[in-house]
Amino acid sequence: MEQDHLYTTHSDAASRVGAVIQHTVEELSRPTDIEQNMMPVSRGPLPSVEVVREIVDIVKTIVFPEFLDRLRGTRTMHEARLSVSIEKLFRLLSKEISHCVYEQNLGESTEQAAEEGMDKALSLIERLSEIKRLLYTDVQAIFDNDPAAENFGEVILSYPVVQAMVHYRLAHQLMLLKVPVLPRIITELAHSETGIDINPGATIGEYFAIDHGTGVVIGETCIIGNHVTLYQGVTLGAKNFTLDGEGHPVNVPRHPILEDHVTVYANATILGRITVGHDSIVGGNIWLTESVPPYSKIVQRCADCKGYESSK
Amino acid sequence: MEQDHLYTTHSDAASRVGAVIQHTVEELSRPTDIEQNMMPVSRGPLPSVEVVREIVDIVKTIVFPEFLDRLRGTRTMHEARLSVSIEKLFRLLSKEISHCVYEQNLGESTEQAAEEGMDKALSLIERLSEIKRLLYTDVQAIFDNDPAAENFGEVILSYPVVQAMVHYRLAHQLMLLKVPVLPRIITELAHSETGIDINPGATIGEYFAIDHGTGVVIGETCIIGNHVTLYQGVTLGAKNFTLDGEGHPVNVPRHPILEDHVTVYANATILGRITVGHDSIVGGNIWLTESVPPYSKIVQRCADCKGYESSK
Amino acid sequence: MEQDHLYTTHSDAASRVGAVIQHTVEELSRPTDIEQNMMPVSRGPLPSVEVVREIVDIVKTIVFPEFLDRLRGTRTMHEARLSVSIEKLFRLLSKEISHCVYEQNLGESTEQAAEEGMDKALSLIERLSEIKRLLYTDVQAIFDNDPAAENFGEVILSYPVVQAMVHYRLAHQLMLLKVPVLPRIITELAHSETGIDINPGATIGEYFAIDHGTGVVIGETCIIGNHVTLYQGVTLGAKNFTLDGEGHPVNVPRHPILEDHVTVYANATILGRITVGHDSIVGGNIWLTESVPPYSKIVQRCADCKGYESSK
Amino acid sequence: MEQDHLYTTHSDAASRVGAVIQHTVEELSRPTDIEQNMMPVSRGPLPSVEVVREIVDIVKTIVFPEFLDRLRGTRTMHEARLSVSIEKLFRLLSKEISHCVYEQNLGESTEQAAEEGMDKALSLIERLSEIKRLLYTDVQAIFDNDPAAENFGEVILSYPVVQAMVHYRLAHQLMLLKVPVLPRIITELAHSETGIDINPGATIGEYFAIDHGTGVVIGETCIIGNHVTLYQGVTLGAKNFTLDGEGHPVNVPRHPILEDHVTVYANATILGRITVGHDSIVGGNIWLTESVPPYSKIVQRCADCKGYESSK
Amino acid sequence: MEQDHLYTTHSDAASRVGAVIQHTVEELSRPTDIEQNMMPVSRGPLPSVEVVREIVDIVKTIVFPEFLDRLRGTRTMHEARLSVSIEKLFRLLSKEISHCVYEQNLGESTEQAAEEGMDKALSLIERLSEIKRLLYTDVQAIFDNDPAAENFGEVILSYPVVQAMVHYRLAHQLMLLKVPVLPRIITELAHSETGIDINPGATIGEYFAIDHGTGVVIGETCIIGNHVTLYQGVTLGAKNFTLDGEGHPVNVPRHPILEDHVTVYANATILGRITVGHDSIVGGNIWLTESVPPYSKIVQRCADCKGYESSK
Amino acid sequence: MEQDHLYTTHSDAASRVGAVIQHTVEELSRPTDIEQNMMPVSRGPLPSVEVVREIVDIVKTIVFPEFLDRLRGTRTMHEARLSVSIEKLFRLLSKEISHCVYEQNLGESTEQAAEEGMDKALSLIERLSEIKRLLYTDVQAIFDNDPAAENFGEVILSYPVVQAMVHYRLAHQLMLLKVPVLPRIITELAHSETGIDINPGATIGEYFAIDHGTGVVIGETCIIGNHVTLYQGVTLGAKNFTLDGEGHPVNVPRHPILEDHVTVYANATILGRITVGHDSIVGGNIWLTESVPPYSKIVQRCADCKGYESSK
């Protein structure tokens, strides 16, 4: 019948399987060289990815209830639903934050971690309406930038970039609240799901739009103004690292600053702590490593050449 | 015990949490500026993403039953399974279409919307065998183009591009049937899952292959012939927008036309309503904004230069 | 009430729906031209994607138990958990391998396939500790390369590239064991989830890091040394195919060799069976189709030009 | 591999299985004699058992929130949770009631049925606080009657009789609102789960207790006063039926009346439209078919005999 | 945070827990006296209860499609649904039967067991329409016997006795097909869910009704004619056992025969291989151990006495 | 579309629904008289029924692994599975016990409750092998008593009485460990599922069998010897209560003592703190309220009368 019967009823096979498994267990129980050198502090169990997903989903429902929930009703009913959602968010968030705090901050007691989890979760909740305000500006910008978009609902429900922004805006606030580990997990989840990789440490203003989005990378120390638009494949990266004594790269400002009203077209690469002045346009496939003043228009070097040779 | 006990048993904490939640509910209930300016028509609740996913999965099972279903049997049993699948598809689809129609077409009654949902769902079902035929040509093209592919089954089961094409071919038919909102949601789902972003409005011929696929963007007004092959990171985009009086971009033909037997290599960017003549090849990383005649071969400008400097 | 009532209670509608469904069933039951020409060998049902996902998840838990499992305890308890996980892996894997073997190797009996499934699954289990060792070197390399990474746990839990490497390292071993179909399905799953497309046939050494990752493509016959680092959008591809008599491309060495300590920056494209010598650096957006010696530093052609024109 | 391969790969077996299935389908499609004689009105599809279960669970949560929900908080948060639960109850209930009304009341339109569903669901909601009050009296009575009960929570969470009373009290109100079919389905569900069979038509006063409960039967036209207690296996049944012209029993008052403060011990059987006067006690295993006055104490006939013979 | 942290972070506690678990594992691994004396034949793993539940649910859907399925449509669509259901039933059933056969019939090969499973499953399917016919007679009888029943649908959907009869009628056919173990598991499941305990070996005619049902017991060798009605708590049991040499009771005819048109009222107990003649009535609480002729009316001994003493 | 649209789009309906819900929320938030008089100690949230079910299932798997788990393998693999199961049991149990202890023992801190939960959970685990031993004696007794039983597996997998005994044997040990609330919840779950109501306080010896089982009631202070057998509907109950000053019944020894080798047939009722001497038999439907010496055989009073009148 089932596969496992085969090794069951033939005792030779069964004992062979048993021996291999036992041997493998022993080998796997012996820590590798790298495991042995890890500091214990970094070995703590981590937040559950499922719970993190649930947290972001609740935030999305709180921010865009009309679009994600087929329910309607009176204002009182609407407020009741909000209250229940926020309470659930508070519970999940305070638990996961406590968990992260406890695992990272050696020496703290579980009581202190729990207290801290509650405090930070409450602070996050106090910022929900600001998160909502910002996300609406993003949706507006995305909508305005896409001739194919028919209405807000379509954008909110299905555009990967909106998903990425909900993750980022939430994670960024948690980062400002000095929650360890969790912010990065939240944005990496969006990275997996959307192909858009925004570090939670990046600072991004209002009305931020990304079109198509796949392959966009926004580094940890980026500062992005208001009304900025990026296209697919844009990298806002570091040019090189400063290494510390042990050869591990140091976390210093190393990513670009984009001032207000900058647009960067597809697959452009902007590297290093440079400034792209406001109202500038960076063309597609451009490789930019130096600051440019406001109102710049960066295009392929030879405006008259086609950049390719046609052989027919 | 559990976290929530902490704020429960200490009444001070409980009332503080309560106060914050209540305050946040009030703030969130107050519509933002952007919300206030949205037209009511765009605020309708939207299709459930889970149902849309289910719809596409059923279509995939209907089109590729031998590959996705371990069941076999007589032709009668096979037809019975098909019939049950199609009926389920009809029910899900007519409901979701009615929903979209009702939410978008102000003034229509629920009865009219239901009627329209049924009609359009039936029309879609009548096109299933054409969708199947096209998808088989795509699978053939993908298989022929990939030396690493061992058989059709592997391609159908696991290649992201096949997933993207099922979404697109279904969504495109729904778009032709003038179903609102749903087509875009279907293709954006594929975008999220595969990193391939094909607008449902694009017109794509038979035997269409994308290799690797991540980062491909195909715009709304593209027209792609038969036997066309794209590689990862290819953009078929718009060069610039025409804005209407309110500053919102106008939806006019603005994306490239690729005639039959065109191949576009990785990360090439083709922008604007230009025509790439049949049997042309566009090399990798090319930035193309002007039409080229049939049999063109577009490569890096200086065929003899290496395009880089080696410093050893 | 529900949609389906509408077509139920009006017998005209019901019979119309019935007629369309019946007609469509008949059309769909008639095999397309392409179906008719497929060899029977390639029509077998294939592994269940859900089971494949489960297999990879178990491997991940076996390799990184401290990071994915909140449980702790004595060494005996830890070993018991490992043993149970490995046994489950053995059962799932031997079943899926048998299935693939049976479907692909015409003429083999179900008993032979089952035997082969067990043998190959056991062999894979014997290689688990080597897979673990390699994956720890990858995690170390990824961590060392990312200033934003705070600890190993964060990297393991949430970085898409780790997910991609678990899939690849497992799939590659299965490929060495000559398991058909399954390896490619495993890596294509990672491709879908992470946007990183590594062919299971590629050979990759220790301490392999990819940063950001979206859009990376690593071809089937690539050979990559130790301590190699890639950035997002890097393609290690084929330049052109050799076709066999029937026009299907032949599977020969056609992808690059990267020796130890090579770094390739974002969106670089390296094509063909060329060798990038050890300790070389390939800059971003470079298009490289010829071998370069060790210690090469490949940068944009004109070091002094900005590669663009600024019009302010 | 799997069983179904066996009949697949041997085409004889496959066609034999196919033939049997096809033949059986044909036989089963031919309606039986009884099916043919059923009036169409009684053939409508019926409420989903899963939804009915969900409805009762929500009612239980509304009535006993402190016992079934580990959440606590401020009064505002509590009210928000209640509001959300009641709204959900309203939606589920109005849909199921409309469904029942539509199926049973031939000639009514779906709009009328929907209207009626909403009206009756709202009426039920208005009675929720009365249902709650009655259920608390039942819990008090059950608790007072059981020396082994330690607190209310234990009783509410785990005593089957409480489950049975929630079902009955809800179903009885729906019956008073003339909802067809649904009430009986609700009480039969409790019958299945608890072995306590209370017809929704029965009238039961405050402070009603059943101890142990398995095998209790309470008929449709029973009238039970306040502070009545039953033990396991008690039947309050009909003595005989009045048949109508077609031989189907007529629904007339045919079950007992138990006045206030009556206690009936285990396995007693009380049949027919008789009255057990207030403050009476009916002993175990008694078979009672005639009315008894208040303050009666009904015991085995021969108080002095042991009712059995001991042979040692 | 979570409980398991407590024993984790205090290494004393962790090792204590570890020691207790390890010790308990050792104790539990040592077989008890009873385990040691069990014959190996009786130790085989058994059918999955979940699958058995699924099997019965499919049978119920096949038999009563109009009542359990909200779908409607043309006859062709109805037949397609039937075909798919029967095929699924065939797969589940042939697998479980093979499993039971293999475990019970020592010496048989897995191939023989698989063959036998298929044969018996097919035979069962050939009897489905007879099972359906009988179940409709039961529903008719139950409906006719209950003044509170409003229509067939209510009876089929919610009466526990219908659930019990579906289990019994299916299990009885499997018993006639000499399927080991499975029949009893099927009826015991109904026993758990409904409190009605019908041995699958019992022979029961058409138009069989049980009212209320809880506590009914029908023994293995009972023979029940057509148009028989039982009430709650009726036992049709054995009077005493014949023991074999090892003291285990022998399985011989030992339960009552009830001829056509017999009615047995609540809590009556009929024991031993006696015959209750056709058209007889057995009153409630009667203890009957001798045969009675046709048209008997068995009532409490003293028709004039009340069977109790009233002390007011 | 869906029902809720109806009240949505007609604002009158929406506000009416809103008003009713709001009013009902207010009414339900006002505590009833009975709620107000409950002592706070009895209002704590209680164990989750789902977790309790999971706990009992794990115990069942630990006790009967060969029968419930299709897996086999070497002794080491078997022990690993046991270890993992016991560890999971420890985690669930210590959490639920802590929860119960905390809610019931006012004044205790969460740390003390957690400590106590761990201690008691560990003690329970130390008793698992004794629980296993006893359950095997029960299975042996049930098997020996049932001519229709074919093997142990069938009994263990499907007989409701085995389910009831697993619940009882576990709950009884928890009661001896002075765990509050949980034991009763465990046995009431079995009561719901099997119709067998055994109070966890009852003391029951080895080799205990119940046949058929529905309706059996075993009171809190019962003492039952070894090799005792009961049939369906047997009550071992209290005759009357001693009330305390507040009218609540006092928990004193009030249920029967059954010495070794006693058999009680169907529907017999034995009440009060009496002793049934060893090797006695109590016949069916007997009502026994006085002690009887060893070797008694209690049968219907008039051995020669039929106990009924036959009128033909």
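Letters are used for the chains, namely A, B, C, D, E and F, taken in the order the chains are written, and counting of residues starts over at 1 for each.
Heads up, the rule we're going with is that contacts are C-beta pairs under 8 Å (C-beta built on N, C-alpha and C of every residue); 3 or more make two chains touch, one makes a residue touch a chain.
This is a predicted model, so every value here is computed, not measured.
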{"item": "Path length in the contact graph (chain A to chain F, fewest steps)", "value": "1"}
{"item": "Listed chain pair A-D, A-B or A-F that repeats interface D-E [over half of contact pairs the same by residue number]", "value": "A-B"}
{"item": "Maximum centroid distance from chain A, chain identifier (CA atoms)", "value": "E"}
{"item": "Distance between the centres, which are taken as Cα means, of chain F and chain B, whole angstrom", "value": "55"}
{"item": "Distance between chain centroids, defined by C-alpha means - chain C, chain F (Å)", "value": "52"}
{"item": "Distance from the mean Cα position of chain C to that of chain B, given in whole angstrom", "value": "23"}
{"item": "Numbers and ranges of chain D residues touching at least 2 other chains", "value": "2-4, 7, 17, 21-22, 70-73, 76-77, 79, 83, 87, 91, 95, 98, 114, 195, 214-215, 233, 267, 285, 300"}
{"item": "Residues of chain C touching chain B in the complex", "value": "2-4, 6-7, 13, 16-17, 20-29, 32-35, 38, 41-49, 103-104, 180-181, 184-185, 188-189, 191-192, 195, 197, 199, 201, 214-215, 217, 219-220, 233, 235, 237-238, 241, 247-251, 254, 267, 269, 271, 283, 285-288, 290, 292-303"}
{"item": "List of chain E residues in touch with chain B within their complex", "value": "1, 71, 73, 76-77, 79-81, 83-84, 87, 91"}
{"item": "Complex contacts: residues of chain D adjacent to chain F", "value": "62, 66-72, 75, 78-79, 82-83, 86-87, 90-91, 94-95, 98, 114-115, 117-118, 122, 125-126, 128-129, 132-133, 136-137, 139-140, 144-154, 157-160, 163, 193-195, 212-215, 231-233, 266-267, 284-285, 300, 305-312"}
{"item": "Chain B residues within the chain D interface of the complex", "value": "2, 4, 7-8, 14-15, 17-19, 21-22, 70-74, 76-77"}
